[in-house]
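In what comes next, chain A is part of two complexes: it sits with chain B in the first one and with chain C in the second one.
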Partner chain A sequence: MSDKSNKLPEELQLFTSAHVKYIQSLDTRKDEYDYWLTEHLRLNGLYWGLTALHILGHPEALPRAETIDFVLSCQHENGGFGAAPGHDAHMLSTVSAVQILALVDAFDDLESRGKGKAQVGKYIANLQNRQTGTFAGDEWGEEDTRFLYGAFNALSLLGLLDLVDVDKAVDHIVSCANFDGGYGSGPGAESHASQIFTCVGALTIAGRKDLIDTDRLGRWLSERQVAGGGLNGRPEKKEDVCYSWWVLSSLEMIGKTHWIDRDSLIAFILSCQDPDRGGLSDRPGNMVDVWHTVFSITGLSILGYPGLQPVDEVYCLPKSTIERVLGR
Partner chain B sequence: MPPKGKAAPKPKASEAKATQPSSSKKQPAANTPPATIAELSQLRLDESRPFDAVRRKQGLSALSRDEQTTWYAARFARQPAHARNRVPIKTQRELWRQVNEASIGLRALRDHTTKWGLAASPVVTSGGDVGGLSIEAFGEWSERRLRLTALEVASRAFRERRERARRGETEGKDRVVVTETDVDDEKERRREMAEVRQKLYGVVTGRFALDPEWDDVVPIPHEEPDGALAVIAYPAEYAEAISYLRAVMASKEYSDRCLRLTETIIEMNPAHYTVWLYRAAIIQALKLSIPYEMEWLNKVALDNLKNYQIWHHRHLLVDSYYPTIAEDAEATKEFGAAEQAFLTRILAEDAKNYHVWSYRSYLVDKLGMWDDPGELAAVEDLIDADVRNNSAWSHRFFLVFSHPARSTPGVAATEPDPAAPSEIVDREVSYAKDKIVLAPQNQSPWNYLRGVLVKGGRKLAEAEEFSSQFVVGLGEGGGREEVTSTHALDLLAEIYAEKGDKERADLCLRRLGEKWDRIRVGYWEWRRKCLN
Partner chain C sequence: MAEHGGSHGGIARTSRERTASERQADLDRIARYRALEDEIRTRVAASGDSAAAVDLFHLTSKLLRLNPEYYTIWNVRRRSLTSGLLSRRSAACSPSRASLSGSRTATTTPPSASSSSTSSTATPHDQPSPTAGRSGTLVDDNDGKKDAELLEGELRFTFPLLLESPKCYWLWNYRLWILGQAIERLPTAAARRMWEDELGLASKMLTKDQRNFHAWGYRRHVVNQLESPALGGSSMVEAEFAYTDRMTRANLSNFSAWHRRSKLIPRLLDERGADDLTRKSFLDQELGTVNQLLSVDPKDQSLWYYHQFLMLNLLSPVGRPTITPAFSLEDRLSYIMREIEGIKDLLESYEDEELDDDDRDAVKQIYKALLDYTLALCQLEGRQPDGQERELVAGWLRELRVLDPMRDGRWTDLERDYGLRG
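Right after this comes the complex of A and B.
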């Protein structure tokens, strides 16, 4: 596909510069209603935008120094990060903060100007429920495998996975497995592609992929592809471009990416672009946002779409970042 | 020539005309009445200082001899005594005579009286300069400012009275009290103040500033570090509510008004997770009725179907409430029924809502509703309504096979469980088959069927005859091959492999990859390889 890319018809092109401009414009849209409604996602949004830019090959498009300053300004005394300055610390924003700092190679700044890696590790470790092994999002106590995956992701990047009871957490994931091969947000919950990503990702980081019924799971994941080429998150639901990441990365982790049709999925993803505004939407013709943008682009990267940086299927960060941080 | 007479010069248009120096250049504005307040005050200033304006602009030489004298006389008259006494007495008398003849006023207006200043106001359009207002508009403006001042004075009086009441002071024999009428009057007063402020300055007064109940709280505004990368702009109403939230959370106040504050914020932004945490803390601290809170939560849930926080809040409420009714079987049953009723209602709006279903599985386990016939009936109703509802199928499997009396701890999800009763397995197989025929290409009941057979430790071949009805003429040419369910063909491939018939299994898989489910050819090819 690499040498055909110049001759691709318009509907199969990736409008890279439009997407870069779209991401760059995001923090200038302060007068938009949605902007303040989503302030509790601000740091997460920065991670999504920055990752997309790196995979698109434009890591310089957002200013590094200001990025680090902003991230550190969200940090609390307890080491955790809030979604925006003045927001309470939460697991999800803490994970995004660690991922961003890994992306821009700023762990040193975390040590010298922030509260340091150890404090972050302590914050995350304290959120583990030592009875059940799962993790809460914050002191409020909401538990979900998303937080478990996030904890493993951030702690392993910081080299502090030993702060938590990995075995108990693994046991918890096993209790979230379902008869159809998938995983839910908790025991008894329905199999869902994004929850599957979190469970499989966590098991991969813990080195326990042996516990996965990969044949069953792979089958269930391959069934996510609908006739139009797009992927859905559960049986009989509509396709959504962000599942290009959740499903594909899971398949990649269990080595079954070839169980979906690559070309029709690429065509679907590209049809979700907005060539004028930049960015991608959940389905063709809908409003774009940075969440769907990053997960489309990382999905394309897994599919080997030309011109994109390779993405790590476990961490949702560029492979180059993981090589640098984890030394592999 | 200045008019003779005793009266001080009056600012009449005709006189204004007369005081103009005859030798000065024609000034076009001289004959038109002043339009703005600045013009009016300038006019008054000039009238109180005859010829001063001309002298400044064009010098004394522009005035006639008589005019020069008048000018000097006026200036003389305003000097303090010690300065006047430097002039010889005879000259002084002469100058006083001039002053009387010309009826010059002893006081002149100062120059600053023409400077009206700036006001940030939508009313004042001339670059914010109040002087640019028309005389009529200025009148209105002044009136409003007076009104506002009067209201502010009364408002201050209210606050002082309230403070005195709080301190328990007395007026004569009676205690100082603040009645409900007083509070209502104050509310009305503040509403009017807000209205006047808006008209004068264009500022909008927030609802909390308008409410005397919140006077003792100093709101903590949002602070953004300079040059922040992702600066947040808030609509004023939301910003105000959040600033009050910060203040009461910092002071750890748990009260009724704080509860109402959380409700206000939740209405504006139900995804703000901190406010939910705080609300839960208030309910706990005040020991408020949880069933009552549930009713409120129901309304919020119906309005915000995609929200996570609502369901975790519900989770916390149940965790808090259940211990108080755990010993009472009747109360537990009643509570379970009330929850089921609401779940039915919300699932009617969004039958596959993930948060609702995952809450449901938590509830079943918490309240021990495994054998509740209403629970299974609810699932069946939903499957009847939409046989493709995968969430309902998933919950059914959980309800049937995770039942504590029928499941062995430690057995993996996709492995057989010896504790699963045979008649239950039969029943579920039968149920799945009944639903498959309604929509043979629907994946859920096929996953269910296979899952049940595996869980029950049965051979997949038990479903061979059933599956075969969906596959006709396999491998035969001439358009005789008909597959009404690819899932049936998939299961048949597994069944043939299980029986050792590799050839037939391979045929099924090949036809799936070639024709009936081409999009998954990668998977079907891998299955073919596995046969060998």
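Right after this comes the complex of A and C.
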């Protein structure tokens, strides 16, 4: 590992080997109550951890064969994936499954040993509200632009975007736009950085960035940077390291990453590390978790922090994965 | 992907070292938790008679109290309600019909074997209802009383969990589903009472956390439903507008409330049947209020965003609902120029003063507003900034470079766009 060979001063170092070990340790914590309480996020967690490892340049740190086996063990007959074996299918875990399979180049396994791409596509497409264009998370009907983005993300990776009504979904996103240039979880909802990521991401996948008020949105997003260098998700809120992803990826998609201060954001992200045991937390000194860890590292990647693999700002996967899957 | 923050899989930095007895205590908790899970899974697989359904239901209560994030268990609970505990309805009522947003036409296959059998086994017991309608398909129930009790019980059950976990998507979701069931199963008046109480809950949650994103979204849903014909409702726009008054007064920095206000205004004016004069005085009043607040706290982003909303009605009214659609271009220009002058006046109190951090934040906001509105004014008139405006803009940008270096790239782009560099 290259931590020590780094010429950067201690406070500007990324403790790569500690983070790799932390992520590797996540599935060995079966004697901790929290491990069981978070089983409903297992597949998502695997996506977060694996993406972080790939961006850190350690894709081999989790075993590929077991990863694929686990993902396929979460799939239901209807094509959808649950968060873990025995958990109901849901859009969020289904998207994580597709992302993981893309990451480890295992769509072939999905065809040969799983229910196949077409069935996954059908599961996702059935969750579209054909009247409004938006998507539900599962059969119980909660709708949110998060699910719309997830559907676009997974379907486009599978090459099945034509299964859904893209134009209607785009109309729906437009109806979620606010005067400040941002987007909310649905029509009428307040602008929120993570919902902006989902809406701008979906519009990018649909090839409709022309519908974004990039100037106004860019101003709003750049105002998310607060005095300490970190980013918040809404006006007058505290900074949180996960917005290093939601805000930055959105700025990147509209070509305005340079509208925030790179160096102070890097310093803030690095201050959220646990240097000894690895992982990053929402703010310095708090509990680390794999969610904040991945979105810190992908944020650093967008900022061009040395030694990291480039991340795709739309899919939150390595650029190399997107090039391989989408042939870009 | 996946969303929302919180400490997923979080392991406290301080709690990673456990003593032997702490570790043993954890192992015991894990064993109890997993035993409960196993019991639920076994019973789901067996999916037996109604007594078994009651047992299963109670087991889900136990597990959900330990872990309200366990979405699959919420689904088990829903299925045990629809497949036995609640009165049976005609086959036309599928679970997805209860979806609040309602009209999803695509139906999905329920994921577990136990659930997919639900509707087919239920159907033969149901008689076609002569009054099959939105809420009228009850068959073996006495006026929905039992259902009402069950559904109210569900709201009581989830309430303390919501207080403990106010950002848990699944909990909010489950409550909405229960309330959707009320619409489908109860007489309109009874369902309406439940939804009205729910508005009270939304207010309570917003009193506890004024910016809770979930609670604001929830409130919007609840109000939409209360306004809908399904609940014999009518517009609540006046009451909701008054609510944003109270919320913004209680905390001027509550942008969530300002946002909500911005969304209500076009509808409010339409429903009031406001004529041009009324609309003009409404705009005057809103501008007056926010300008007065800005003169007290010019560093508050929320106030500036609301000001921006009002200005957008003047600056780019095409394609947006406007407050004053009858304004001529001259009207708009005179308002915009008046606002710009008013903002310039705010600067006066900072001239020749030693600026502290708050002052600097205030001055930054003022320069940004001046830039935004001045350049938008030129656009509105379809012209480039004139000599005097260019000088002003260049000056504000120079100040911003010093006061707000974090956004230096933005200032550079503006200088480039307007040829102000060098």
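Note that the second predicted complex is superposed on the first by the 322 of 328 C-alpha atoms of A that agree within 3 Å, B and C clash if a C-alpha of one lies under 4 Å from a C-alpha of the other, contacts with A are read in each partner's own complex, and residues count from 1 in each chain.
Following the convention adopted for this analysis, a residue touches a chain if its C-beta (ideal position, glycine included) is under 8 Å from a C-beta of that chain, and two chains touch if they have at least 3 such contacts.
Everything numeric here is computed off the predicted structure, so don't read it as measured data.
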item: Chain A as common anchor, with chain B and chain C clashing or fitting; value: clash
item: First, second, both or neither for A:N153, with chain B first and chain C second; value: second
item: Touched partner set for A:G86, first chain B, second chain C, both or neither; value: both
item: Contacts of A:E66 with chain B and chain C, given as first, second, both or neither; value: first
item: In the superposition, chain B vs chain C on chain A residues touched; value: C
item: Partner chain in contact with A:E139 - chain B first, chain C second, else both or neither; value: both
item: First, second, both or neither for A:A177, with chain B first and chain C second; value: first
item: Contacts of A:D289 with chain B and chain C, given as first, second, both or neither; value: second
item: Touching partner for A:D27 - first (chain B), second (chain C), both, neither; value: first
item: Superposition clash, chain B versus chain C, among 2-10, 128-136, 164-172 or 272-280; value: 272-280
item: Residues on chain A lying within both footprints (that of chain B and that of chain C); value: 26, 30-31, 33, 35-40, 45, 86-88, 90, 138-142, 178-180, 185-186, 188-192, 218-219, 222-223, 225, 229, 234-237, 256, 258-261, 264
item: In the complex with chain B, residue positions of chain A that touch it; value: 26-27, 30-31, 33, 35-40, 42, 45-46, 62-63, 66-67, 69-70, 73, 84-88, 90, 137-142, 174, 177-181, 184-192, 213, 216, 218-220, 222-223, 225, 227, 229, 234-237, 256, 258-261, 264
item: Complex contact set, residues of chain B against chain A; value: 222-225, 227-235, 238, 246, 269, 271-274, 276-277, 280, 308-309, 312, 315-316, 352, 354, 357-358, 361-362, 364-365, 388-391, 394-395, 397-398, 401-402, 412-414, 442-444, 447-448, 451-452, 454-455, 518-523, 526
item: Residue numbers on chain A that touch chain C, as the complex places them; value: 26, 29-41, 44-45, 47-48, 76-78, 80, 82-83, 86-90, 92-93, 95-96, 99, 123, 125-132, 136, 138-143, 146, 149-150, 153, 178-180, 185-186, 188-192, 194, 198, 218-219, 222-223, 225, 229, 234-237, 240, 242, 256, 258-261, 264, 274, 277, 279, 281-282, 285-292, 316
item: Contact set on chain C toward chain A in their complex; value: 1-13, 16, 23, 26-27, 29-30, 33-34, 41, 66-67, 69-72, 75, 78, 95-96, 98-101, 103-112, 169, 173, 176-177, 180, 211, 213, 216-217, 220, 253-256, 259-260, 262-263, 300-302, 305, 308-309, 312, 320, 372, 405-410, 413
